[in-house]
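Going by the order they are written in, the chains are A, B, C and D; count residues from 1 in each one.
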Amino acid sequence: MFSFRNDYSEGAHPLVLETLAATNLEQHVGYTEDELCAAARASIVREVFSADTTGVLARAGIAPQDIQVEFVAGGTMANLLVITAGLRPYECVVAAPDGHINVHETGSVEARGHKVVTTSDSAGLLTAQGIDDVMLEHCYGTNYHMVAPRMVYLSFATELGMVHTAKQLYDIRAYADSHDLMVFIDGARIACGLAASGCDVTLADICACADAFTLGGTKNGMLFGEAVVIRNPAIGKGFRNLMKQQGGIMAKGRLFGAQFGALLDTTGKQAGIPEAQGDEAAYFSLGRHSVKCALEVRRILEELGFDSWTCDSPTNQQFLTLDNERAQRFIQLFGCEDCGKPDREHTIVRFVCSWATPPEALEYLRQAVIDAGLA
Amino acid sequence: MFSFRNDYSEGAHPLVLETLAATNLEQHVGYTEDELCAAARASIVREVFSADTTGVLARAGIAPQDIQVEFVAGGTMANLLVITAGLRPYECVVAAPDGHINVHETGSVEARGHKVVTTSDSAGLLTAQGIDDVMLEHCYGTNYHMVAPRMVYLSFATELGMVHTAKQLYDIRAYADSHDLMVFIDGARIACGLAASGCDVTLADICACADAFTLGGTKNGMLFGEAVVIRNPAIGKGFRNLMKQQGGIMAKGRLFGAQFGALLDTTGKQAGIPEAQGDEAAYFSLGRHSVKCALEVRRILEELGFDSWTCDSPTNQQFLTLDNERAQRFIQLFGCEDCGKPDREHTIVRFVCSWATPPEALEYLRQAVIDAGLA
Amino acid sequence: MFSFRNDYSEGAHPLVLETLAATNLEQHVGYTEDELCAAARASIVREVFSADTTGVLARAGIAPQDIQVEFVAGGTMANLLVITAGLRPYECVVAAPDGHINVHETGSVEARGHKVVTTSDSAGLLTAQGIDDVMLEHCYGTNYHMVAPRMVYLSFATELGMVHTAKQLYDIRAYADSHDLMVFIDGARIACGLAASGCDVTLADICACADAFTLGGTKNGMLFGEAVVIRNPAIGKGFRNLMKQQGGIMAKGRLFGAQFGALLDTTGKQAGIPEAQGDEAAYFSLGRHSVKCALEVRRILEELGFDSWTCDSPTNQQFLTLDNERAQRFIQLFGCEDCGKPDREHTIVRFVCSWATPPEALEYLRQAVIDAGLA
Amino acid sequence: MFSFRNDYSEGAHPLVLETLAATNLEQHVGYTEDELCAAARASIVREVFSADTTGVLARAGIAPQDIQVEFVAGGTMANLLVITAGLRPYECVVAAPDGHINVHETGSVEARGHKVVTTSDSAGLLTAQGIDDVMLEHCYGTNYHMVAPRMVYLSFATELGMVHTAKQLYDIRAYADSHDLMVFIDGARIACGLAASGCDVTLADICACADAFTLGGTKNGMLFGEAVVIRNPAIGKGFRNLMKQQGGIMAKGRLFGAQFGALLDTTGKQAGIPEAQGDEAAYFSLGRHSVKCALEVRRILEELGFDSWTCDSPTNQQFLTLDNERAQRFIQLFGCEDCGKPDREHTIVRFVCSWATPPEALEYLRQAVIDAGLA
């Protein structure tokens, strides 16, 4: 069996393991204060600014020295740190109803004292209009009997694999600027988001639109690790104290440096990845691979007669809404995740491809569906 | 002008002030450990059990000695204490969307680390079905990526002045029993709830259906004060430590004893209240007064042509949905609270009567509406 | 028996009860937004600035319009609000080991996420040197593995009845200014502190030395209530949201206005209090009364042969260190509080006088000690 | 230069890297629900029970099926999870003053709402007597104005490298049993503790004495990872929900399984480690190596004339108290950690050896001290 359960079923891309092995006996100071991390931080800043072909960062007054990069092991930790760092105790974060922080982090934000207030946006695609409706309900922050919205959260790509357009992001940024809100973009799957078919957003756009965002490694070829990129000092202040307090700082911080360094290297080691475009870093090529495989999964399933897609995802996650019985069959055959029930008769199942999905997996999928009589 | 803004616009019923004055120079130990509080606790237990004409408490195995009564100054404090005491860190409380804890306590529950998860019930009338839908979404508490529902919260009466029927409450109790949930009934306006027209619920039913409930004093003739009645020791354990920690224990705890004592006295002092039934305590008669006045407000406004009631409230709060302009006029004339906008053209305004509403206020209302040309 | 247990054994001074009664049926908006509170706020600001006979406030650049006054029911609530409002999540507050927040508030500060770090100062008398030792241990806030000190807390008077000198307070202020610390002065017993024999501190000095301080009412003739006086907007921002969230805002906020208004009135009603000096408000005269009685208690006990004072308190609390047996006798006879054991053979007992202590109580004390054969 | 800064300066033992590489492309379900973790859990339980040569576990009524094992990335996370899981909101944890949770986790315990109360024990060696003094001060948990002690925390080995004797641990266990306290043993350096010269404690004793304890991997040859071993279901209940909420569950949980599996393997792969005793797992041999090297460091420094040891550590950390100038030289030469100043003239420096310390490092140390003229 091949599992399409998620994009963290495998270990790490060979480039990552090689770098870990190569640096293994070097002695480094702890807590991400080492040289490998310094280099990885520089690489991240380089990628952000080199993606800015039209000058959005300069126009927004953002310079490389304004960027703070911290590393944590996982996405929930990254999210709770940014949100906790940015909010005063009575302030809340606004998210789409299916935002990861709202449903799948066991109340992590609330555990730090903050309410997650939800808009009526769908598929995780937060909109300026959705935010404004929430602001209106909350008297634009002036009613002391209510929480005060102060940050908005969105994922790129979203829980359902969707991606905002550049216009949508800049609309949110403009709304935030005019209403004293911060914008936090959860990039746990940012490599797939940027590689989405039709995506018109660059890493520079993400940076220009966000007070803080993350670059996910766990779901893109690393053993673990998320980079938190902060450009608002109101979030960055004391961030490392907060990391320590929340159990989010890693003793062997060098592991982040080695891993991000491996995938952001542009000196030639990454060249062999099939989907590589130009001399881009492996980090981005791996996202392309994941998306390409998932769109192929979609094509195969469509050929086999499935078209009840939950939404029109252009990324590495594809969701089918199926009757309960067929859903269970898919779950058994491919390890698909059960993503809940839109009604009592149907279940949503998820197919995910990763940096590690091999061509054989796609052929296996087609054949297994046919063999099982599901087509 | 007479204000129909709320039921805490005035001070305290004369019986309360008299008792405070009469006991003023007595020396009492602090923190509700005094004799006045002991007597008030006994009175509360007496009222609960004397309301049990059909034996529901005995059948539920509830005896007077199982009841713990604590006193706090306000409703938000009562709510946060009960919820915090009952939940482990990853557990959540389920409420209707317009539950007080969800919208009007500035994220007080979240500030203690717990998510408030909402059903799709309306008018605050939580239902067993609504709870079950939430349980289903949360995999009946078995998914560690999500918060685990462990307590349900409802108000009696609700934010919109509605009251559950006895059947609705017992259905919720039965559901809770079969799903390892606790039930918390917020009785900030319980005296009005019990006095509602058509109400078939007694204080004994409340006690039988709840793991903990409150008896509100602030909105029913006291200067301040809520009695928290606890019959589940999982909530009661360490409750007084928690009270102290949360700033919810009052040094001159005697004030609760004096006030609840005054309004629960049944030795004759309360006899003069017009709405008194039998030899009931003033606490209940004051609720009757509030409700009677509010229903009269409703009758008057209906006579004057208003019928766009937001819901069919049988208690001391009446809500009209009006076009924005007329809503503003009512707010100016009667201090009505602006209760939000169902759409951009309309506003909900609230009329509240209290234990202190005089007959003249009703006549003033009628005349002022006519004089203002609103009829 | 007369109890010397504490200064909140009785109800309220008659001026307070009279004002409550006189305003009882007035309708006021809630949550301290009413006119009685507005007047009380103005009175507090007036008292602060009228106490400034030497221009310290002007020199510190503090003007009346910079002062924010909020009202809460009790001291623990006041403390937790100020501390929570002022600190980021990883910051801590520094206090003397026997600071109220460190030992007698059931971990209230920690419950909001902040560590209380203690100096080695004694009798609650925090010093600049004590603070600096803590700062050194915490690497002056630069070590992200440790909490970062950001606020210092002291009581005026302290838990043991001591008062800082003006020089001590200004030294702390100067230290705080040079080390980016805030100063919070807990004035639960400020009226007694200001009335202490030998006290050279004025209310203006308190204001000049503190980012926020409180004026206690509960222990000085009110039923309840503390005024929180804030002059640092970093604490004041969103303070009312925080009050609501923490259950610290009172629906009938008018009660604070009425009570503080009564005791800060200077139009003549207060003139009858024996200890009144000039036309000062009753608030201060009541503190004088408490202190005068307690010093008389001390004199009487010294005459009877007791001299093992725990410390040399100039205020309304006097502490004797006694062998365990005699301590128990005092506790039984006068309701003295057991304040712990310095060693296994001795116990500290506390005598407290209040605004309500009558002359007879002092005579009773003398006679009862003699009658019991304790002298 | 060779750094003696800490025991997490290097990456992972080759056995760990090999296992990670060997399992890299296997697909596993996430969040430690995979087979590698299942095997590692079984190995941990096996080690605990196989260490019980005298039947302490059976006498304590502890069976393998009572043991719950969870995996988290770091020590602060492990600590905060166990403490949060075990305490109600007003309960506190008792530790020695230099307990890691008290000084070096940036208030992590307080950030979850709990006070850390300290004894007067030294060198981290918590004693039953020290705990009892704290219990006395806290009225044995009966005073609701104070936090209630409910758990004790100790490290094995301590921050200063000391180890409790078996008698000391069993005394604490007995005290805890008779006072309704839980015992939590932080085993971040447990492998070195067990390997300490003169240690009479086994892993079975640790388990018998603790409600929960940890087995540290980060400081003993793994890239990262701590195993949390829980035998009190009051801690274990909902532990995985809490892990998720606190950002402490790892998506690629398999990494724990692979790493602990590698170091707990007893099928022969580990045989080559020089210090191996019998067929013990590498996990224990690596601890022996660390300790042996550190004791050699001590011997070398003593030969060179240094004898101002801060305490008599039998484990892999050695502390010298030096005048400030010499301390700085050692810090520069060997990357020693500055462990604070006992007085203004002296500094404590730390030498740490790890599983990776090579023989050359010890020779380098001797020569460098001589070359620098420090001897």
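By definition in this document, contacts are C-beta pairs under 8 Å (C-beta built on N, C-alpha and C of every residue); 3 or more make two chains touch, one makes a residue touch a chain.
Predicted, not measured: the structure shown is a model, and the values here were computed from it.
Asker: When the contacting C-beta pairs are counted for B-D and for A-D, which pair yields the higher total?
Answerer: Between the chain pairs B-D and A-D, A-D carries more contacts.
Asker: Where centres are the averaged C-alpha coordinates, which chain has the largest centre distance to chain B?
Answerer: D
Asker: Distance-wise, how many Å sit between the C-alpha centres of chain A and chain D, to the nearest whole number?
Answerer: Computed from C-alpha means, the inter-chain centre distance equals 34 Å.
Asker: Distance-wise, how many Å sit between the C-alpha centres of chain B and chain D, to the nearest whole number?
Answerer: 51
Asker: Tell me, which residues of chain C touch at least two other chains?
Answerer: As it turns out, chain C has residues touching two or more other chains at 89-90, 105-107, 111-113, 144-145, 147, 241-242, 244-245, 249.
Asker: Where on chain C does chain D make contact in their complex?
Answerer: 89-90, 92, 103-107, 110-116, 136-137, 144-147, 340-341
Asker: For chain B, which residues are in contact with chain D within the complex?
Answerer: Touch list, chain B to chain D: 31, 84-85, 88-91, 112-113, 144-145, 147-148, 237-238, 240-245, 249.
Asker: Hey, which residues of chain D end up touching chain A in the complex?
Answerer: Within the complex, chain D touches chain A at residues 2-3, 5-6, 8-12, 14, 17, 20-21, 23-30, 72-77, 79-81, 105-108, 111, 218-219, 223-224, 241-242, 244-252, 254-255, 335, 356.
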